[in-house]
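Structure first, commentary second.
Naming follows writing order (A, B, C and D), and every chain is counted from residue 1.
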Amino acid sequence: MIKTLFIANRGEIAVRIIRAARDLGISTVLGHSTADADSLAYRLADRTICIGGPQSSESYLNMTNIITAALLSRCDAIHPGVGFLSENAEFARKTEDAGLIFVGPSSETIRLLGDKIASRNVALAAEVPVTPGSVTPLESLEEGISLANGIGYPVMIKASAGGGGRGIRIVRNDRDFEQAVHISRKEALSFFGNDAIHVEKYLDHPRHVEVQLMGDGEGKAVHLGERDCSVQNNHQKLIEESPSTVVSDELRHVMGNDAIRLFSHLNYRGAGTVEFLVQDGKHYFMEVNARVQVEHPVTEMVHSIDIIREQLLIAAGKGLTISPREDISNIHAIEVRINARGAGTVTSFSPPTGPWVRTDTHIFSGYTVSPYYDALLAKIIVAAGDRQDAIDIMLRALKEFEISGVETNIEEQVAILTSQQFRSGRFNTQLYDQLFRQ
Amino acid sequence: MIKTLFIANRGEIAVRIIRAARDLGISTVLGHSTADADSLAYRLADRTICIGGPQSSESYLNMTNIITAALLSRCDAIHPGVGFLSENAEFARKTEDAGLIFVGPSSETIRLLGDKIASRNVALAAEVPVTPGSVTPLESLEEGISLANGIGYPVMIKASAGGGGRGIRIVRNDRDFEQAVHISRKEALSFFGNDAIHVEKYLDHPRHVEVQLMGDGEGKAVHLGERDCSVQNNHQKLIEESPSTVVSDELRHVMGNDAIRLFSHLNYRGAGTVEFLVQDGKHYFMEVNARVQVEHPVTEMVHSIDIIREQLLIAAGKGLTISPREDISNIHAIEVRINARGAGTVTSFSPPTGPWVRTDTHIFSGYTVSPYYDALLAKIIVAAGDRQDAIDIMLRALKEFEISGVETNIEEQVAILTSQQFRSGRFNTQLYDQLFRQ
Amino acid sequence: MNIKDLESIITLFNAHNLSSLEVKEKDLKIKVQRQTVTVAPPAYASSEPQTVPTSKEKEKKVTETITSPIVGTFYRTPSPDAPPYVEVGDTVHKGDILCTIEAMKIMNQLEADFDCEIVKIYPEQASMIEVTTPLFEVKRI
Amino acid sequence: MNIKDLESIITLFNAHNLSSLEVKEKDLKIKVQRQTVTVAPPAYASSEPQTVPTSKEKEKKVTETITSPIVGTFYRTPSPDAPPYVEVGDTVHKGDILCTIEAMKIMNQLEADFDCEIVKIYPEQASMIEVTTPLFEVKRI
């Protein structure tokens, strides 16, 4: 078993990991930046080590400081959390080389899945449907235009190494193609240090649906159903829910089995997500997130399974023993992300509590929201017997959420939840723009 | 449907009821005392009406003020909460007479169950096992001693109108009988205005196990399994859990059916509890609590059913539609009560949050714990796959519970949860005394 | 809400020399505060919650507020067509009836506890009052 | 709500010399406040985190703390049997090696950024240090 776990992350996910470790009797060492020296994770961890300055590059991305700190504090394992080094194959390999357990997939798996084209090819090999498009990086403009005409416009030009919506351009005709390729390559180079791009069919009213899986690293994998993450602002997820209103039992079965086939093919170890776009009842593979995700609690509430705990148990060699709920017809979970509109000090804070409401947060009265990191303040998660009840309970929780000192997106989230489109379940990834930009 | 609900209570249960009402779209009017004019319930309610001074007799027990306030604020229904007027047949009748819905059983049911001997007789009529003892109030000392010898010592002398452990005396031989009867009658008279007493077998290592039910008022009832409330200090419950470590699947089935038979017999309406003592695998009827109970969340977490919501739906004539979880083999819920050791102002407060932890509380930073009411500050409820995990998660939650300004029983609760006896599940209602008084 | 109401609230706030006043009803919430000067010794806090001194001249002009002891409907008159029990400017004596508060069809008559002059009558006829609702502002005589 | 209302509210606020006024109705919330003058200036907060003056005599005795830039194991000597790089009382020059910090089997040599005298050496030989751990107290010369 893991005795001491090093946590190479911050914010609410660091708190989340400390809690799961504590529940298993694992002691925790938090690596933190100088800017996070009075965080909630800092207060809750059994031990803390300062790993660098406020800039992520000095601390949460500083592999040498992190691994040295883990070694010197006699940890057995490193949990990378989300973001930062969580999908960095080099960090995973260095962790393994140092004789430590990396809580996540093997470095080879991460390396493979980090390349969009390679992961698309793995999906094809595992017979998982992908969006029509190029399987190799684009070599010439002519090749691209011919491909686009074959697929049919609109098409999408994507950075092969990309993520988070950067380096993506939508093209609706031959005329705009050259310019889009130019910009896309430039963005790809500046964001990812690699100007490889490829072309895919663009779905114009898709839902973002992802399947949560856990694998044992030896070919066995279990899926925990889907999360619908279609409420996004500029590719940043705002609200996630499970089940999705556009996924039938049959589609869930098919998508789940597709995802399991892919994970088996990869001998995937630990928690991971297969992202699909769903449009008109069809699903198209997008990518694999080779780590736990911010929105994992939605799935936890549906299946009463602690995903972080299971990550730790798999990493410790205890195997894959979860049994997901079979009948999910009378449960629905929603997560709302509360983000800060800017940095500042939280002068008072009172999270929503009470029945059917879970708050995952790292803030407290007196906490300073730093300008160095992401804006996530809290995740509110509710579970109820059906979707409408879940929405009502979420609105109750948001009404009880009290914070002062920093501006938040609570009012905006309330507006989304109370919109006719969201209530009806008939919306797509354009919802945010439809509500706030038109 | 109920449109506006009057809440004739305070503290965390008032908050709990406001939340359930809000989730159903019911607006709320809180009746509060002058001492509770800045409570959390006051802040959350849609409307508030001051119903009297700080003494309960002036406010929360003032039937005229409560019913007048409910009528003048155009409420359809009154929820009495727990304690105060929740088991007062006269209040239920006055509420009904005023044309309002009383959220609870009928006044006749409450009246019947409020009398220990009458309720014992109903249990006998419904073929529910009771502790051997007298079925009518004791008429003479001789009758009592003869009865005690028939049952076998030790026996218990109880106030027929009693509750909360008051007016109870344990007698171990003929010699002490007369004195005990004398004291018991005196206490019964002073606490309950009625000196009727009766004699029952005393169980010396029992568990306090209660079955939660909901009835439709027309003979149909459903049980939601049991709660074990054996951790008590001087008859005040401290920790409750479900399932009980001494209840086998078979015993659960038998107790549940006994309880359903009793509720059907009573045409019981709404939420109620049948209390049993369990010793050596046998169960003995104690009493019915004709109201919701403080520890109801334990059952809510096991079955994912909102008991307060269902109370409101039944009261509104929407019927009994719950479907309890059939397989409870991989769920365990525990509630810990956090009590104040005295009055004072809470200078800072941060409830535990995160996965598998629910906090029901009415306190906040700046809240003043009043000397007029009970000491309950918060209920922490956790749910997990098994009992050991639930205990570990509860310990994590208690470690995160931050409060200053008032003394609490948190350390004591941690000591109970970490004790070998509690962990093992082999303990009885004497546990508290064994840990702290020996 | 309208500005007239807000003005009345602030006038009340000033008239009673309050430092903080919060009014909440349904979706409406109003909070008025005035910073207190910290040089002076703390203001005298009455231990009698029902009477509030509202003026600085202690000799003659101190008024007190009579608040409602119960929840009910406020009536200034014994019956719909009868004249009011009291009017502003009236002098009443201990035991005189000031108003009727109806609760559950019972008419409760509120009597004066002491001789006084009626300075102000707060509630509207037939309005709902709760415990602590101000009913009359009076000046002892 | 409209600007006229807001204007009226602020006028009321000013007219009555309030320090805080909060009006909330449904989704609308208005809060008006006026800052009060504070007599004392706020305490001086240093903007340079790495150097901390540790003495009150500012002329000569100001010392500075050199903290660790990385996580690792602190060594005062280049090898187990070699003498320490520096001792208390030593004068070092810019570029002189102060200590070695081992991280992942790499020996990182920490150099002096300026000429100074070693006043104190904080960590024990071979102890773990983190970023910001104080290593040396020095006095610039």
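One rule holds for everything that comes next: contacts are C-beta pairs under 8 Å (C-beta built on N, C-alpha and C of every residue); 3 or more make two chains touch, one makes a residue touch a chain.
Note that the coordinates shown come from a computational prediction; the quantities given were computed from them, not determined experimentally.
Asks: Hopping along touching chains only, can you work out the least number of steps from subunit A to subunit C?
Replies: Steps on the shortest route: 2.
Asks: What's the distance between the Cα centroids of subunit B and subunit C, rounded to whole Å?
Replies: Centre separation, subunit B to subunit C: 41 Å.
Asks: Subunit C to subunit D: how many Å between their CA centres?
Replies: That gives a centre separation of 57 Å.
Asks: Take the average of all CA coordinates in subunit A, do the same for subunit B, and state the distance between these two points in whole angstrom.
Replies: Measuring from centre to centre gives 43 Å for this pair.
Asks: Based on which chains touch which, is the overall arrangement a line, ring, star, complete graph, or other?
Replies: Contact map by chain: ring.
Asks: Give every touching pair of chains, nothing left out.
Replies: A-B, A-D, B-C, C-D
Asks: Would you mind writing out the residues of subunit C in touch with subunit B in their complex?
Replies: 24-26, 49, 70-73, 103-104, 106, 128, 130-133
Asks: Would you tell me which residues of subunit A are touching subunit D in their complex?
Replies: Those in contact with subunit D are residues 34, 49-53, 59, 64-69, 71-73, 98, 411.
Asks: Using the touch definition from the top, list the residues of subunit D that touch subunit C in their complex.
Replies: Those in contact with subunit C are residues 5, 8-9, 12, 16-26, 36.
Asks: Hey, which residues of subunit A end up touching subunit B in the complex?
Replies: Contacts found on subunit A: 15-16, 19-20, 22-25, 44, 297, 300, 304, 306, 323, 330-331, 348, 350-351, 353-361, 364-365, 383, 385, 389, 392-393, 396, 399-400.
Asks: Spell out the residues on subunit C that touch subunit D in their complex, using ranges where they run on.
Replies: Residues 1, 3, 6-7, 10, 13-14, 27-35.
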